[in-house]
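Paired with subunit B in one complex and with subunit C in the other, subunit A is shared by the two complexes that follow.
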Partner chain A sequence: MEQRSDTFLDNASEALKNVEQAKRRDIIATFAPLMRSAAIEGFDEFDTLRQHVKRVREHALDHLEYYLGQFEQQAVQNGNHVHFARNSDEFNSVVLDICQQHDARRVAKGKSMVTEETGLNSFLQRAGLEVMETDLGEYIIQRAGETPSHIVAPALHKSAGEIRALFQSTHDLGARDLPETVDLVAEAREVLREHFLKAEVGIIGANALVAENGYSMLVTNEGNGDLCANLPRVLIVCTTIDRVLPLAQDATAMLRLLVRSATGQAQTCYTSFYSGPRRDSDVDGPIETHFVLLDNKRSDILDSDYREMLECIRCGACLNHCPIYSSVGGHAYGWVYPGPMGSILTPLLTSLEQSHALPNACTSCGRCAEVCPADIPLPDLLRDLRHEENSRKLSAGRWRLGIKLHGWLARHPKLYQLSTAIAIHTLHLFGRKRGSYSSLPMASGWTSQRDFPAPQGKTFMQQYKARLKRLAEQRNEH
Partner chain B sequence: MNERDREHSSPQRRKQVALFVTCLADLFRPSVAFASIKLLERAGCEVSVPLQQTCCGQPAYNSGNYEEAVPLAQQVITMLADADYVVAPSGSCAGMICHHYPRLLEGEWRERALELAAKTFELTVFLNDIAHIKPPGKKPSAAIPSVAYHDGCAGLRELDIREQPRQLLRDLCGIEVSELQQREVCCGFGGTFCAKMPEISGKMVDDKLNDIMATGADVLAGGDLGCLLNIAGRARRQGKKIEVRHIAELLQQDRDTPAIGEGK
Partner chain C sequence: MSTSARSEIFARLREISRKASAERIHQDRQALGSAPVPTPPAAEMCEAFLANVLKNQGSVDCVANRTEAVAAIGHYIYSHFRSHRLVAGNDPRLAAMPWRDAGVLPRFGRLEVGEPVALSFAQLGVVETGAVLTWTGKSNPAANNLLPEHHMVLVDTADLVPDMEHAWGRIKQELESNGRPRGINFIAGPSSTADIEGQLVYGAHGPRKWHVILMGKIPAEALSRARAIAAP
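== the complex of A and B ==
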């Protein structure tokens, strides 16, 4: 997918000006956390389960090669083809090859952030295939020519009114005007059904790969994943190498955290395991099945200090609880993954050069880490990325210099106290009447939004030292 | 009760507290530090102020300049090594010492950081949970204002400060806090964040301010000057009437000092 993370500040500024969308984001930011906490409240095992799943994930990543090998062996034994792709280009080519081998014209596609990452849709379309997204949210943004704004709810930024207008302009509706939300859903379902039946290839994602039996697991609320998997002749499961877990029970344990954290449900409507092609005794199912597993720098992350990021289960809770995400929305981040997890993944999967603004879009408020079911210390990783930004001199020179000067001064207490006393006294003189300044030459970032409260006068250290001196003199007099 | 608590709970010996003033209180609002000293003394402590103190290193640390933050952390650790207790009128500075110094440092320095962390407390936690400050004999004479409280993020999530400030306002001043709808949400300060991403920060502080104004409170109290400067500054800019103060001032019944951002 094309990236515009380098203009994050401009993207954000534009997003803030869209009052309608901003209002909707505010509402979602109020309700999503309530739904999550309601789901967690009655679920006492949450914390123990979180620790358990974390250990399992750590173990799986520690032995990634082993478990990927086991998965591959089992999956092949079940009659699947397993492909590994080092990068997006390889990944897209593998998928296209499979489609072409089957003379496919149409692809029915379930929700998959990995294929967003590789830009699979446009790649297949350029090769002449018709690709139809079948998850309702994905379908809507595909029709609108947009990208997902949230990893779980891709069309979160769209109102029912906008969706209605979209269908009115792109569907052949005749006299129907789709007054209710259910009408919109029914309309999409009608269009999609047709496509499910005609598609030769189905593409879906996976929430986990199970090494012990070679299955993949997928949760959806719409059941579209199962239709993509079972109706077309060929099924391609697209995911990444870090999704592998040792046991089926690990996958279901993870699921209990995932769904509650993502949507506040105890369970999604559909939880499916995919084992392989149709057997003689099966009445339906694909005749050929493939797994395409993308690396795209994940093995580099495995060897880096950001390894914990691979434990992310893509629940979206950190987005829902991030005040910056809810202020600017997902598109401002300029790539596939937004919010706290995206601000870490984007630099790691693309480059820090293009995206170093993202790790700065954080106040270290810590709400994301508090809710993250994978227990990833997101603010720490974001700070570590800022450290890297700093070390590689990608941050603005005046900031680096400012911090350096401040650090130097703070290491020299006498000089620090003297110079701050002078600076504060001057500031106080100019601002004491009004109590604050509406503009300050050195702090335009601050004063563009708010007044700068004036200091009270002498610094505490000045006053305190004077007081100690007075006390000493009094003592001497006696 | 840990060893140290037991050792200090003997009535003969007063708790020896080193005040970590914090750079914002030092430079912008000395009244907070003076109020903190009085409160600690009221709670029966003997307070000293180490004179070498400057800054805990948070600006450097949070900007990702660990190389500048390390010597500052070491300076603070050395300065406070002999203190029995360290108290800071800020959740974010106490959080820096308690959580981030050990993360930032390695080896022997990490050990020393952990020692310092074990005896460092945010002001309201220390007054309420450790020193058990007693309510004043007579009820406050001045009219009781209606007070909203802003929970700083580091206090909330690094130090689990939730009830202590509310308990103190209740016990010492007879004030029942008017709660915000979104207590858990950041005010948009974030140290250098507010200057690096002013527009987003402006939106966040507006949300916070709307929440505060909706409580109908006369006073906004908080435990972190960073947040309070941010909120007071935005209130001034928007012409919203709210008296913004550090909780130490309120607990010390000091409302004569002009509020944050107010003129004489």
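== the complex of A and C ==
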């Protein structure tokens, strides 16, 4: 997928101009956290669960060579072909080879962020295959020629009206005008059902791989992934090497965190475990099944200070709770993964040079870390990336100078207090009549959008010291 | 596949991974124990299961035995489709049901395109999430779960398990005695989507309706209490 993360600030300004989309983002930012809270309410041991799953995932990553090997062995024993790919090019080629071996023309695809990462769809399409996304949200944005704006709900940036117009221009609707949302869903269902029945290859992602028995776990509400996994004669499961968990019960323990954090449910409508091709006793299912397991810098991340990022379960809770994501939306981040998790993953999976604006898209409010079901210290990792940005001189020279000056001043508290006292006092003297400033030197970024309130006269430290002094005097009097 | 991709990835992981014997790794995993389970909405299993099925937007019937079950199934398909026909997997438990008593005409096998209703006999019902569990095989063609307009599932109260850990305990018995089924499916509601403006719509791809029939010894008040729990 083409990357535009280097123009994050411009992308964000552009996004803020679309008032209708901004309103929809506000609604999502209000409701998604409420749904998560409601799902967790009454589950007193949610945090214990979070810690348990974290320990299991740390253990699995500590022994990834062992568990990935065990998974491969079990999956092969179950009748699968298991492939490994170091990067996107290898990954896409493996998938295309499988399709070509079966003379496939049509591919039905379930939701998979990994294949967004490798740009699989366009690769297969260039080779002449008809690839259809079957998750409703993914289908809508594929038809519109767009990219996902959210990792769980990829088309939430579009209104029902826009989707209706899209179907009117791309579907053969005759006299039907699809007035309600149910009509839009029914229309997509009908078009996609036909594709499911004709496709020779199904492609799905995996939420987890189970080392002990070689099953992969697939979590959906629509059931589209299951149709991809069961109807076409070839199934390809696309995921990454870090998704392995030791035991089947570890996958369902993770599920308890994932679904509550993503959609506020206790379990999605369909949670399926697939082990391989059709058995003798089966009356349906694929006759050949493949796993394609991508590294794409995951092993580098595992060997770095950012390894906790591999514990991310892709629930989207950090997006739903992030004030920056809610304001600017997913497209502004310019690549596959948006929000706090994306601002860490994008530099790690592409390069910090291309995406160093993203770790700065953070107010350090800490909400993402609070709600992250994998307990990843997201703000800390974002700060570390900013530190790296600074030490690798990727940010503008004046910013680095400003940070250096601030750092020096902050290490000299007396001087810091004196200089802030002078500045605050001056601002107080000149601004007390009007009460605010409409412009200030070196702060045009602030004053271009709003007025700066004139300080009341004393800094926090001055008031704090005065209060301490008063208290000491009172104590002496007694 | 390029063999070099595999060997390179494994070589890299070998460098990074912690060194330990397989036995030691298993011991370490065992030492981490099991995950905590959420408290069920009611202490009594049938009541808690029914409440969770209702919360998952399923509809429910409670019956005491197989005769009542076929009557309830017959009533359901007649009231929705004005028909007595349904498709059911080749499950010996379903074949042995007294269908004639209720005038129901089952066809055993895989659902064909255009057939609107399928019946499955769940291997398990999971109280924790209100999910039914089926695994693929002769008794359960995958198409029967995924392609009908209405999916009906019969659950024996003897097959209720409290949580997913217990479900795996039962699944592992199956894996050991009959091998690994191709698909293990937890189903917890009709197919749904909220991809358009967050508005919840049923029947995204799969069944629009999901009807669960709980069969066996069920406390008299279980269903009404479950409805009270699930009420918004």
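Convention: the second predicted complex is superposed on the first by the 430 of 478 C-alpha atoms of A that agree within 3 Å, B and C clash if a C-alpha of one lies under 4 Å from a C-alpha of the other, contacts with A are read in each partner's own complex, and residues count from 1 in each chain.
What we mean here is this: a residue touches a chain if its C-beta (ideal position, glycine included) is under 8 Å from a C-beta of that chain, and two chains touch if they have at least 3 such contacts.
Bear in mind the structure is a predicted one, so any value in this text is a computation, not a measurement.
Q: Which of the two partners, first being subunit B and second being subunit C, lies in contact with A:230: first, second, both, or neither?
A: second
Q: Classify the contacts of A:10 with the two partner chains as first (subunit B alone), second (subunit C alone), both, or neither.
A: A:10 sits against neither subunit B nor subunit C.
Q: Going by the contact rule set out at the top, does A:221 touch subunit B (first), subunit C (second), both, or neither?
A: Second partner only, subunit C.
Q: Going by the touch definition up top, name the partner, subunit B or subunit C, that contacts more of subunit A.
A: C
Q: First (subunit B), second (subunit C), both or neither: which does A:302 touch?
A: In the superposition, A:302 touches subunit C alone.
Q: With both complexes overlaid on chain A, does A:247 touch subunit B (first), subunit C (second), both or neither?
A: The answer is second: A:247 touches subunit C but not subunit B.
Q: Using the superposition on chain A described above, determine whether A:353 touches subunit B (first), subunit C (second), both, or neither.
A: Neither subunit B nor subunit C is touched by A:353.
Q: For subunit A, which residues belong to both interfaces, subunit B and subunit C?
A: The answer is that subunit A has no such residue.
Q: Please name which positions on subunit B make contact with subunit A in the complex.
A: It is residues 21, 23, 25-31, 33-34, 49, 51-55, 57, 59-66, 68-69, 71-72, 75, 103, 153-154, 156-158, 182, 184-186, 188-205, 207, 229-230, 232-234, 236-237, 257-258, 260-264 of subunit B that touch subunit A.
Q: Going by the contact rule at the top, pick out the subunit C residues touching subunit A in the complex.
A: It is residues 1-2, 5-6, 8-10, 12-18, 20, 22, 25, 28-29, 32-39, 52, 55-56, 90, 109-110, 113, 128-131, 136-138, 141-143, 145-147, 164-165, 167-168, 171-172, 175, 179-199, 201, 203-207 of subunit C that touch subunit A.
Q: Enumerate the contact residues on subunit A facing subunit C in the complex.
A: It comes out as residues 24, 27-28, 31, 42-45, 48-49, 52-53, 55-56, 59, 62-66, 68-69, 78, 81-86, 90, 94, 134-137, 140, 153-156, 158-160, 163, 181-182, 184-186, 189, 192-193, 196-197, 213-215, 221-224, 226-227, 229-231, 241, 246-250, 252-253, 255-256, 263, 265-279, 281-285, 295, 299, 302-303.
Q: Can you list the residues on subunit A that touch subunit B in the complex?
A: Interface residues on the subunit A side: 9, 12-13, 16, 22, 26, 30, 33, 323-324, 327-328, 359-367, 369-370, 380, 383-391, 395, 399-400, 403-404, 406-407, 409-411, 413, 416-417, 420, 424, 432-436, 438, 443, 445-446, 448-461, 463-465.
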